[in-house]
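Below you'll find the structures, each written out as structure tokens.
What follows is chain A paired twice: with chain B in the first complex and chain C in the second.
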Partner chain A sequence: MTRKLTRRDVLAAGAAMGSGLAIGIRPLAAQGADIVLGGSIPLTGVFAFAGVGIHNGIQDYLKIVNDAGGVGGRKIKYVAEDTGYKVDASVAAFNKITGQEKVSLYYGDSTGFSKTINPELERRGTILMAGASFATELNDPKKYPLQFMAGPDYSEMFGILLRYCAREQSGAKLDFVYSDTEFGRDPIAPSEALAKTLGLNIVEKIVTPPGSVDVSTEVLKLRRANPDYTIFHGYVLAPIPEFMTQAKQMGLRSKFMGTFWSSDNSTVQRMGDVAEGYMGVMPYRYYYDADGNSPMLEKIRQMRPEYQSTAYLQGFTTALLMCEAVKRTLAAGKELTGVNMKAGLNSIKDFDTGGIFGVPISIPGNSVSVGRIYAFDSKSKQMRPASDWIRLGS
Partner chain B sequence: MDWLFLAEVLLAGLGAGSLYALAGVAFVLIYKATRVINLAIGEILMLGGYVFFGAAAAWHLPAWIALPVAIVAGALVGAVVERLLIRPMLGESPISVFMVTIGLGSILAGAVQVIWGADPLRLPEFMPNTPIFIGDAYLAPKVAYGFVAAMLIIVAFALALRFTRSGVALQATAADQGAAYSVGINVSRVFSLSWIVACAIAAGAGVLVGAIGGISPTMGIFGLSVLVVVIVGGLDSMLGALVGGLLIGIVEAFSGTFLGGEYKFLITFSVLIVVLMLRPYGLFGRHEIERL
Partner chain C sequence: MRIGTLKTDYAADEALFDTGLQKCLLALALAGAVLLPFLASPYWLFLACLCAINVASATGLNILTGYTGLVSLGQAAFMSVGAYTVAVLEIHLGTPFLLNLLAGGLTTALVGIAVGIPSLRVKGLYLAIATIAASVVLHFIFSHWALTGGVQGLSMPPARFFGVTMDQPFQLYWMIMPVTMLMVLGAANLFRTRVGRAFIAIRDRDISAEVLGIPLLRYKLMSFAVSSCYAGLAGGLWAYFFRVVTPESFPLVNSIFYLAAIIVGGMGTILGGILGAIFMTMVPEVLKFGAGLVTPFYPDALALLAPVRTIVFGALIVGFLIFEPQGLAEIWRRIRRFFHLWPFKT
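Up next, the complex of A and B:
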């Protein structure tokens, strides 16, 4: 027998549902609700070469976590928007995602975005943010209390390179070659000061305009300086290969080095024959690195049998550290606020990342100041370790 | 004073300037014939580099085949763009056509990224890499061969403009479209031809630029420097493109060497302002140019 629903029945049902929510069903739902990781991701534009890898890395780590039941029983939901690596588009993506979701974690695509959105992060107080930028300025917990980076900042990368140079050759002559961009200029002044304290001699600084194609005149300056080490920063590929090619044609014996974004294995391979001996600083083990115990890299290799870039590892590791911060916050019975999650992150001490970082890491501030020098071996076509892991401040 | 060093800087500047001049010629050709300011010239140049890469690296064609493939691809793009995008805009305001070329540049950059990805790439080595010395002065081999190729193309092109029927028709159309019609010149064909030839030249220049600096979807920014070159030289002057290209190349080389790379653009754009103040129509341009 069926009974027709009357308007009174519907109103009664609605009232019952409303009162149910009011007496505690909603908090129960919130406890089990997904934790949202939003992302302003550069899937197009000048930084897309890294953005695609970062996007995949974040997704893969969250898949591992969610397949294992999530963090504290809660799944992590990833919501990303393409930004084209433009600050205004990144801010628009942030506003859209945070308007539609209750976001706890956020990945930003640039230094410009990280700086622009910082007041809004502090105003909201509910989000822990990291991103693609390793800018020195962001490594200031007082100024950027709700942000961090999954590796050393650019000055720390230079610090690792300079320590390596000082150990290899006392009083070595150095040349800094950098692009005339915020990215390129970032580590130069602090690194000049550090070089002095390490007894290194900076004989030349060469600045190239953004987008410059021909670097013949700059190589002439390099020849005059005749450094033992040339450190590139602020580039991905061009003009590094042309610099090295012309320098070698002129008979220079300088060793060439670069920082994170110019040290991906596939990027260095593209430098061609001149890549032999090119050195880069890297906080993570490379995808193919099977030395030592690295179960997380093994998982990545199972998920993706083909080579994954260091940008992928950066996205993967950032998601890993974010989830660890959430896990520690929930385990302490605290609410997922930006401050609590940052405290959870800063409680990370001698933490094993499953072998992605080659040594246990600690995050007392906004960066993970550890790295290793790798050098390109053209026979194996791989960046191979050229130093032990170097921790700054130890 | 280290004269050898100065000579090397001068040679490097001439090498870079020759590439500006070559791309500038492509820019001027379109403007001269059709009065269209083609801001997509940098992206067409980029496309040439990518097609060469695709032919040489993916299809494993030798460079002497891959280069013509890139040039023909550039010519085809020029023909299609002129017929489908530019010709329907005839008679519209110059700003509208200008915006179409900006949109075209974005489409080409996006298409390249979809096909070849966003990673910066290097072209396969196809030029001799034995260092070149003029006296004791060193010149990077790619820059030297780029200079020779650019100069040969420019000279051949100047001769073709002066002595071939198509070249004369183009000059007549540039001088007065109405008069050209009245004497039986097929002006539409001249428009097509100018886009085809200009885009072919730009694609060839893209291979040379890509051989030196590598290729990436953002390589079109090179077009900005070319715009400075043609404004300094005169938007409708082939000689202006040549002289402007070499001048800007030399200015950039010396400012970069003695002031630092951060001053290159400052000095280059200062030169642009000074030239425009003294000769608003460029060093070799004609008075009646209508500026946007």
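Up next, the complex of A and C:
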């Protein structure tokens, strides 16, 4: 139902904004019994391609929950700010939102923000936080006791890919291609060690500037190494298509793989003809997946008939896990503190996410170490399952 | 209408603020700065601190680019040197924050001198490219050196001052704002000295300056040193403010941000650096209130208006460059002139 905007509304809103702008006067927050989920969301900037999906995913899950009566009878209110994927803007948004609302849950947009805000989270002790980052460093419950991630960390993603490679081809030759960033370098050292234990042979490591275009020198290195599998990390799209194009032109038979942010179906489609056979590790089922029982995906498809990205599913799933943590905390009769909500989250064992994760999940620490390998089928223009669900540590 | 300022001694002639009104406004601004932490929410205090850090850095760049005419796109990299120095000292030695800040400023000044050497042979765009190259080298060092924590960077403990932990915007304000005020005051005074005037002479025409007896080598490097020192101090403040320093904390786009700040504010004026930094920091935040205004009536306004906000911000900058090329400082001067001559027309 829409309500007509009157001149009085505009004047009232203007007055409210003016008084909000006046230093020191905090806007009146709708306190009530609502539980607030704040968010530093990158709706603009270099990460906007994911931020918009994340934003929609969070909103949609909260709509489902609130339409069903909320969590323990309490509605979840979502208050977000755009950050442009800048740490200072993210911290400003955090300060703004927590200054206006009694925030219990928070979504952060980057590794930098997660690290920066961590001391403040611990000082407050009232917020459970998750975000867009799958950084290995954040998957440490001692250092980041009030944070989690709705999927495997980057090292675990590599772990899933490496286990797949080891199962498919014993003693396979591998090449890691990664960007010279914190994001790119994140899983490399632990994955080298894991590859050794799995009997895999890393024949080359290639570092490129992020988003580089001319990769001809690097492709020559790749040709010399002639790996069975080439794993990309630290990119969204470029230079992956260029790498694959040149490598295929040189007759390389290597299989190409990537991690979460380079494995969205629309991203892989944009790689063009060379995308055939490209493999990605994914903790969630894709939007269109019809195999198995996935009522939650069905709900998403009803709410949004057009394709939704894996970033959307990440936001949706993060909100789902946050709400589950709140539900368990309230059910235990405990106060909604960061520690209690994290304990509630960690009590999740063999939990069915409505088919978003293909298997029941447990969260003993800060991550959900489950994933599956998908491969791109250019006929259907879809990432299709190439393996069973792989759980680490089992 | 003000028809003149009577000065009866040399001290009055040398005073930075020479009229009663200026002194009153200064006193009001100082009183406002003192009262702000007690009135403002953490959000506004956070923004005030961020503005102050950006003012400090923009003022440093203004000394180099606005006053000496040496274009630099290395300001963010210089800030990173100061930030890392402070972080390393705080983590490994636990020395007092004022000492760490000074060390950060001095270390960056030395790096600035090294980076400034090409300025003796090149200027303009060529020098800008040289400073970008220096930024790349510094980024490489920081992301590969164990001391700086590699690509993961450093997480540092908060500053402490007489037993008070400075980890909240309220406490940090009392660190950042006074240091920035001293830096701005220092810069304002610099251009009333022989050194500052030499910088201006070099900017206006370096060959003429040399003919006048100004050693270009010494003064250009001195300008780089002072400017870098400012950047280092600002970087040090930034490190205490965010307490996480990584190679990606100071990207090239930040250098462009500071250059844009002094252009929008008005190059070659202290006030320009201040106004420009505040404008560039605050306008994106203030524009967010537009989305907040519409959200009660249109819930998805945030997602819809976010790109619009970016476009408006960009358009504002372009508008300033076209319609007010002298920057915000010129608008302020016009306002002052209006009141000086009132009731007559300017």
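We take it that the second predicted complex is superposed on the first by the 361 of 394 C-alpha atoms of A that agree within 3 Å, B and C clash if a C-alpha of one lies under 4 Å from a C-alpha of the other, contacts with A are read in each partner's own complex, and residues count from 1 in each chain.
The rule is simple: a contact is a pair of C-beta atoms (placed from the backbone, for glycine too) under 8 Å apart; a residue touches a chain by one contact, two chains touch by 3 or more.
This one's a predicted model, so the numbers in the text were calculated from it and none came from an experiment.
Contacts of A:Leu220 after superposition: chain B is touched, whereas chain C is not reached. Using the contact criterion defined above for the overlaid structures, shared-chain residue A:Ala375 touches neither chain B nor chain C, since it reaches no partner. Of the two partner chains placed around the shared chain by superposition, chain C is the only one that A:Gly99 touches, whereas chain B remains out of contact. Applying the stated contact rule after C-alpha superposition, one finds that A:Pro241 touches chain B and leaves chain C untouched.
When the shared chain is aligned, chain B comes close enough to touch A:Phe49, but chain C does not. Contact with neither chain B nor chain C is seen for A:Ile58 once the two complexes are overlaid on the shared chain. In the superposition on chain A, A:Asp180 makes contact with both chain B and chain C. Contacts of A:Met271 after superposition: chain B is touched, whereas chain C is not reached. In the three-chain superposition model, chain A touches both chain B and chain C at residues 44, 48, 52, 180. Chain A makes touch with chain B in their complex at residues 44-46, 48-49, 51-52, 180, 206-221, 223-224, 236-239, 241-242, 245-246, 249-250, 266-267, 270-272.
On the chain A side of its complex with chain C, the touching residues are 3, 5, 9, 13-14, 16-17, 20-21, 23-24, 26, 41, 43-44, 48, 52, 55-56, 59, 80-82, 84, 87-89, 91-92, 95-96, 98-99, 112, 115-116, 119-120, 123, 137, 180-182, 185-186. Of all residues in chain C, those touching chain A in their complex are 36, 39-44, 46-47, 50, 143, 150-153, 155, 158, 167, 169, 242-244, 246-249, 284-286, 288-289, 291-293, 296-297, 300, 302-303, 306-307, 309-310.
Residues 5, 8-9, 12-13, 15-16, 19, 110, 113, 117-122, 125, 129, 131, 138-143, 209, 212-214, 216-218, 221-222, 252-253, 256-257, 260-262, 264-265 of chain B are the ones that touch chain A when the two sit in their complex.
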